[in-house]
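Right after this note come the structures.
Both complexes shown next keep chain A, but they swap its partner, so chain B is in the first and chain C is in the second.
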Partner chain A sequence: MAIDAPARARRRPAGWANALFVLPYLIVFVAMIVVPLAMGMWLSTTKSDLFGVEAQVGFANFTRLARDPIFLETVWNTFYFVLLTVPALTLIGLGLALVLNRPARWASVLRTIFFVSTVLSVTVVTLVWQLVFTPDGGLIAVAAEALGGSPVAFLNDQDLAMPAIAVTTIWWCIGLPMVLFLAALQQVPRDLYEAARLDNASRWKTLTRITLPSIRRTFLLVVIIEIILQFQLFGQPQLMTRGGPNNATRPIVLFIYETGWRQWELGYAAAAAQVLFAMILIAAMAQYFVASRKDDR
Partner chain B sequence: MKLATWLAAAIMSAALLGCGRGMEDTRTELVVQRFFGACEAQYGAVDDPAEAEGECGIMTALINRFERENPDIRVVENIVFWPGYDQLTAQLASNDAPDLVTMHGSVISDYQARGLLEPLLATDLAAIGAPPERLTEAARAAVTIDRRIWGLPIDTWAPLWHINMNLFREAGLVRDGQPVLPRSREELIAQAEQFKARTGKPYFVQSTANEYAAFTRNFYTSVMQQDGVLYPEPRRADFTTDEARRALALFREIHDRRLTTINQDYSAAVAGFINGQGGVFPVGTWMVGDFHGESQSRGRPLSGGYAVMPFPQLFPNRNVTFADGHVWVMPADSERSPEERQAAMRFLAFFARHQFDWARTGHLPVFRDVIDSREWRALPHRDALAPLAETAVPLPKGVRRQFPIETIVGQESAAAISGAKPIDQALADMERRVNEILSQL
Partner chain C sequence: MRHACALRSVDDPLHVNYSDKNTNREDRLATVELTNISKCFGRTAVIDGLSMSLNPNEFMVFLGPSGCGKSTLLRMIAGLETVDSGEIRIGGRRVDHLPPGERGVAMVFQHYALYPHMTIRDNMAFGLRNVGVARDEIAARVAAAARSLEIEHLLERRPGQLSGGQRQRAAIARAIVKQPQVFLFDEPLSNLDASLRVRTRVELAGLHQRLGTTMIFVTHDQVEAMTLADRIVVLNDCRIEQVGTPMDIYLRPATSFVAGFVGSPRINLLPVRIEAAAEGLARATLPDGTLVQTAVPTAALPQGDTTVGLRAEHVRIASEGAAARGTARVVERLGERTLVHVELKGGAMLVAEDAGLSTVRAGDEVGLSIDGARAHLFDAAGRGHHAAG
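Presenting the complex of A and B:
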C-alpha cells in the first residue's frame, strides 16, 4: 500500500490545482456565510445598534437572554411549533408520496395541486388562512354556524393560535417533503417489489421491509431540512398574530427582528440569533447522529 | 465587412450617447419618502387635493401639485409599507438618506438622539411659513427636543369616539341632536348596558385581535385623565399604580360584560362599525373622512347617522387625550447640496401652505390659525374636534423607543383585558419589559 516518494510528489500539485475549481464557490461561501456568521458572533458580545458599537459587553447579552422571560417563552414557542409541524410534514409528506407514486393521470394532477401551495408567498398564504380562521364570517366559522356551533377565534385564543399557525404552515410547506419522498420512492428498484409479490408479502410488510428502509436517507434528509426550516418561523406569526395573544405565538426569529429593528438592540438580537443557530445545529446533528447509528447497526 | 460592422456599431453607440445627453434631466432631485399607502391608480393624475379623499389620496394629489408648481424640481417618491422605519433605519445605516421622510412625532427622538436628523433653524421655519408660535401646543411638543425644532409637523392625531347615531337614537342616547356621552366610568357602564339592552348590540366596536395600538391609546388616555404619571423620568416607566390599575379594570369590565365586540382585527372592526355592529368605534382621526363618506351614502347603517367626538373625560382629574402626529423630517446627509436642501425647504413651505388640504383627512391641523379658520370649522364634524387643540397631549419627548414600547403596553393591556393575565401581573410585566428597553439606552 505504500506509495513511493516520487509518486507522492507528482500527485500533490495536481490536488491543489483541482481545488481551484471550488474556489469561486468557496469565495462566495466565505463572504456570504462565514464572514457574516463571525460578525454575528462578534456583534453578540457588543452593545450596539445599526449605527455603531457602543461597548464590548462580553457574555452579558447571553446572561440577559437567560433571564428574559419573553425570550424564554419564544424558545418554548419555537420548540412547540417544530414539534407540531416537523413530524406532521414528514408523515403527511410521506403518506401523500406513497399514494401519489403511480403513473396515473389523476396522481400527477394531485401532485401538482399539493405542490402548488409551496410556490405561494407567505403573505398570500397567511391572508388565505386568516380568511379561513377569522370568526367574523371565516370559512370555519361559517361551517361551524351551519352545523349549529359557534365561531372560534383561533388566532386570538392563546391555546389555539399556535396550532392554527402550524396548520397554515403544513398546508404551505407540504409540497417539498412530498416531492423529496416521491423522488426517493422512484429510486427503489422495482425488482424488490416483484420479489415481495412473489413471496406473497402483505402491503404493510412491503412498506415496512422494503419501502421505508430504502428511503431512510431521504427520510432523514426531510426531517433535517424541516427542522432547519421550521426553527426559522417568522412570517406567519408576524402577519397573522404579531406574536400574540399574550406572546403565545412569538418565535425566536420574531424576537430577534423586534429586538434588533424595533428596539435598536442589535447586539442583544445577535445573541438571540446565536442561540437559535446553536439550537438548530444541535437538533439537526442529534437527528443525524441518531439516524446514522441506526444505519450502522 | 468587418469594417462596416464596426462602423455601424460606432455610429449607433454615438447616436445612443447623444440621445442620452439630450434627455439628461438637469432638475434638482428631491427624494421624498412617505407612508400613507399607494394609490397611484386612483389619484396618479390628480393634482387638486380638493378632488382627493383620504390620507393616501390627498397626499398623492399634494405631491402631484407640488411637482406641477415646481417644474425645476424632480420629486422621487418612495412609498413605504407602514410605518417604514425598518427601511429608513437601513437606509440611514447605509448612507442612503432620503431628503424628507414622514415620521411619527413619537419616533423623532430615537433618530435625533443618534444624530440622524437635521434640525430646522429659526430662519428655515420663518422661510417656510411655520414659525413655532403658529403651532398648536401638541404640534410644537411633537417636534421640539432640547429647544430645537426637528421637523415640520403636518397634523396631530388622537383617538376619537366615532359614533353610530342611528343606534344611539335607538338606545335613547341622543339629546338635542347630540350623542349623550359618559362623564365617568360608572356612566359609561350604565350607558353601555342601556345601549346593549335596547339595541341588542354591544356599545363598542373594537379592534382587539392582531392589533395593539388601540389598547395603548386607551390605556395612556385613561391614566393621563387621572393625572397619573406614566414616565416619571425619561428612562423609567411607572405602570404599577392605582391609576393604571383603574384604567385596565375599566376596559376589563367592558370586555367581561360583553359591552364590546371581541376578536375582531382592525379590518373586521372597521367593517363592523360601518355595518352597524355597535355604537362607538374608538379609533383615530384618520377615519373621520371615510365614516363621514359612508354616512352620506343611502341605505347604509351609518346613513345620516354619524358623529365623532373627542375621547370623553371618564376620570375626573383632567380632560386630556393621548396624542401623536405626523411630521416631515429631514435626515442628516453631509452630501446634500444647497440646491437639494432648498428644494426640500420649498416642499415644506408648500405643505405648510396646504395645511387645510391635509386637514381634510380628519387629522387635526397643526396651525392655530387653521383651526380657528372658518374654512376648517366648516368641514364636517370639525367643530366637535376643535377642543383637541387644547386637550391632545403626546408623551414626553425625552421618552425614547416609544414605538416598540407602544407594542409592549398594548400586548400586556390586551392580556389583562382579555383575562389572560391578572391586571397586577400584566402591569408588572409591562413595567419590567418597558424599563428593560429604557435601561439599555
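Presenting the complex of A and C:
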C-alpha cells in the first residue's frame, strides 16, 4: 500500500536506535556466555592439557565418556541427588511460605531465620553439618545414644552419604524457594480468599483451588531454578566426603574438576561439561513444556 | 491470609435450606438488624455504636464519602471483618459469630473477585459444591442464573477472557446461584464505563424486583443511591447522618452534610441572620442583605449561627421580580438546563439555574428569584430544619 512504504522507511533507523539500547547487554552476554560456551564446545573435541591443544579428536572424548564407569556413576549420583533435593526443596519451601505468609511478628522472625542459612558459605554449612553427622560426639550420634541406639557414620556409609549431603543442601538452600513462594503468595488478590470464605471453601479447598493455581508459575520457576542449581552440586561432597565412600557421592562437577585440574585432561573435562549442560537444558525444557501444556488446557 | 473454618455441619439449618429444592421464597425474605455495632482498627474507631434495621425485600444503599466506613460495615455483615461489639441478626438469627459462609449472604466485590483459573460455570458452581448441593440442582441453578443475566454463551470461558461488564454479570450470577437471604454489593459499578454503569444500574433494579431479596449496596455515587434505593443510609465519619427514602433525604436532609452530599449541583449553603416573621416562620437575611422568607417554623430553631440551604433549582435567573442581584461568573451549559455561578454583593457565591437556552454570559449582571418556601435552615450543630409537613 502507498502508506506502507514511508512508514517502513521511517521505522528502519528507529530499529537500529533500539538495538543500541540492548548493545551493552549484548556485549556482556556474548563475552561472558556465548564465547565461553563455544570455547568449551570446541575444547571438548580436542585432546588438551594446560600447555595447549595437542590434537583434534572429534567425538572421541564423548565415546570415551560413555564407556567410563566412573563418569556414568557420577551421572547417576547427580540425578539421584537432584531427585532427593529438588522435590523436597520445592515442597518444603512452599510449605514454609504457606505457614509463614502472615503479618504476625513470629512469622517474620521465622522467615528471617529460615532465610539466614542461604547467606552462609558452603564451607560454613558443610562444617556445621559435619558436626551434626559425625559419629563421635555429633548431634545425631549423641541423640541416638541417649535413646539407646548406636551412632551411625553417615558420611562414611555408601547408602547414607548422599542423603546426608541432600539434607545439608536442603537446609542450606531452602531460603530461596521460600522467598520466591512468599512473593507469589502476596500477589494473590485478597478478595479471592474472601470470596472463597463466602463460598464455604474449606482450608484444603482454598489451598488447592485458589492458592496453588494462582502461584503455578512460581512453582514452575522454582523447580527449574532448583534443577539448574542442584545439577551443579560440587562444594558439599568436595568438602564433606571428597566424593567417597567408593565414589557414592561423586557428582559430575566434581568429576569435571578432578579430570580437568588434577589430571590435566582439559578436553575430556570439557566434554563432560557439555554433557552436564545438555542434561540441565533438557531437564529444564522438559519441565517447562510439560507445565505450559497444562496451562493451555 | 486468614481462613475461616468454613466446614459446615450437616445439621446446619442453612445447609438444609440450600439443598431443599422447593426453597420457598418467604424463607429468603430476611430482615437484617444491626444493634450497637462498633469496630476499631487499632485505636481508630471506624464504626461507633451504629444501629439500623432493614426490612425484608428492601434495597438499602450505604452512601457516603470515601473512607467513611461503608465497606467496613458491609464486610462486617458479610463476616469478612470481625465485630468488636454489638449484634448482627439476619432473618432473626444472630450471625456475628458465624463464619461468612454460614450467614446466608452473597457478596459482589468491587473488583469482582472471580476465581481467575476457573471457568465462569465453575466460578458459579464452586460455592454450591462446597456445601454439597446435588449436581443436577447446581446445573439447573447455574443455567437459570446465566439465562437471567444473559451470560449463557460465556459459561465455558475464564474471567480473563471477559470484558469488564461481562465479568460484572458473572460476579452477580455467582451471587444469585447461592440463593442467599441477603445480597451485598460493594461498589460493583465503579469499574464500568458511564453508559454501562447506567444500564447495569437499571438491570440491578430489575433483578431486585424479580428476586425480591434483601439487598445492601455500597456506593459513593449519589445518583446510584437515589435511583436504586428503597432507603438510603448516609454515612459520614463513622456515624449515620440520616436514614430515609431517597426523596426524604433530598427534600428533608437531616444535616448540612447530607444536604451538601446529596444533590447535584451541590446545594448552596450561606450563613444567614434569622428573624421571626409572620405566622412564626423564620425570615433569613443573606450576606448581601437579600431577604428570604422561609417556611421553617421559628419555634424549633435554636439561637446561634444559622445556615440556609438553597438548591440551584430554587434559585432561578429572573429578569423581573428579582429578589437579589449579582454578577454571573461562570456559566455551565448542561443542555437541558444551565447553571450560573453568581457572585452576590459582598462576594458570596450562589449557583442558580436557568433554562437550557439561557442567554446569560459570564460577566453579565443578573437578577435572581429565590423560592424561599423550599429553603432549608441548618443550626449551629448542622441539624436541618424544614418547612412543616
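One rule holds in what follows: the second predicted complex is superposed on the first by the 294 of 297 C-alpha atoms of A that agree within 3 Å, B and C clash if a C-alpha of one lies under 4 Å from a C-alpha of the other, contacts with A are read in each partner's own complex, and residues count from 1 in each chain.
Methods note: contacts are C-beta pairs under 8 Å (C-beta built on N, C-alpha and C of every residue); 3 or more make two chains touch, one makes a residue touch a chain.
All figures in this text were calculated on a predicted structure; none of them were measured in a lab.
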| request: Based on the superposed arrangement around chain A, label chain B with chain C as either clash or fit. | output: fit
| request: Kindly classify A:Thr206 by the partners it touches after superposition: chain B alone (first), chain C alone (second), both, or neither? | output: second
| task | Once the structures are superposed on A, label A:Trp261 by its partner contacts, choosing first (chain B), second (chain C), both or neither. | result | first
| message | Contact-wise, after the overlay, does A:Pro135 reach chain B, chain C, both or neither (first, second, both, neither)? | response | first
| query | In the superposed arrangement, does A:Arg242 touch chain B (first), chain C (second), both or neither? | reply | first
| message | For A:Ile70 in the superposed arrangement: first (chain B), second (chain C), both or neither? | response | first
| task | Rounding in steps of 10 degrees, give the angle chain B-chain A-chain C taken between C-alpha centres. | result | 150
| query | Regarding the shared-chain residue A:Ala195, is it in contact with chain B (first), chain C (second), both, or neither? | reply | second
| said: A:Asn101 in the overlay: touching chain B, chain C, both, or neither? Say first, second, both or neither. | reply: second
| query | Upon superposition of the two complexes, what minimum C-alpha distance (Å) separates chain B from chain C? | reply | 47
| Footprint overlap on chain A, where chain B in one structure and chain C in the other make contact | none
| Residue numbers on chain A that touch chain C, as the complex places them | 101-102, 185, 189-203, 205-206, 209-210, 213-214, 216
| field | Complex contact set, residues of chain A against chain B | value | 47, 49-51, 68-70, 130, 134-136, 153, 155-156, 158, 240-247, 258, 261-265, 268
| Once bound in the complex, which stretches of chain B touch chain A? | 85-86, 89-90, 92-93, 110, 114, 116, 208-212, 262-265, 268, 271-272, 401, 403-404, 407, 411, 414-415, 418, 420-421, 429, 433, 436-437, 440
| Across the complex, what residues on chain C touch chain A? | 1-8, 78-80, 99-102, 105-107, 109-111, 113-118, 126-127, 130-131
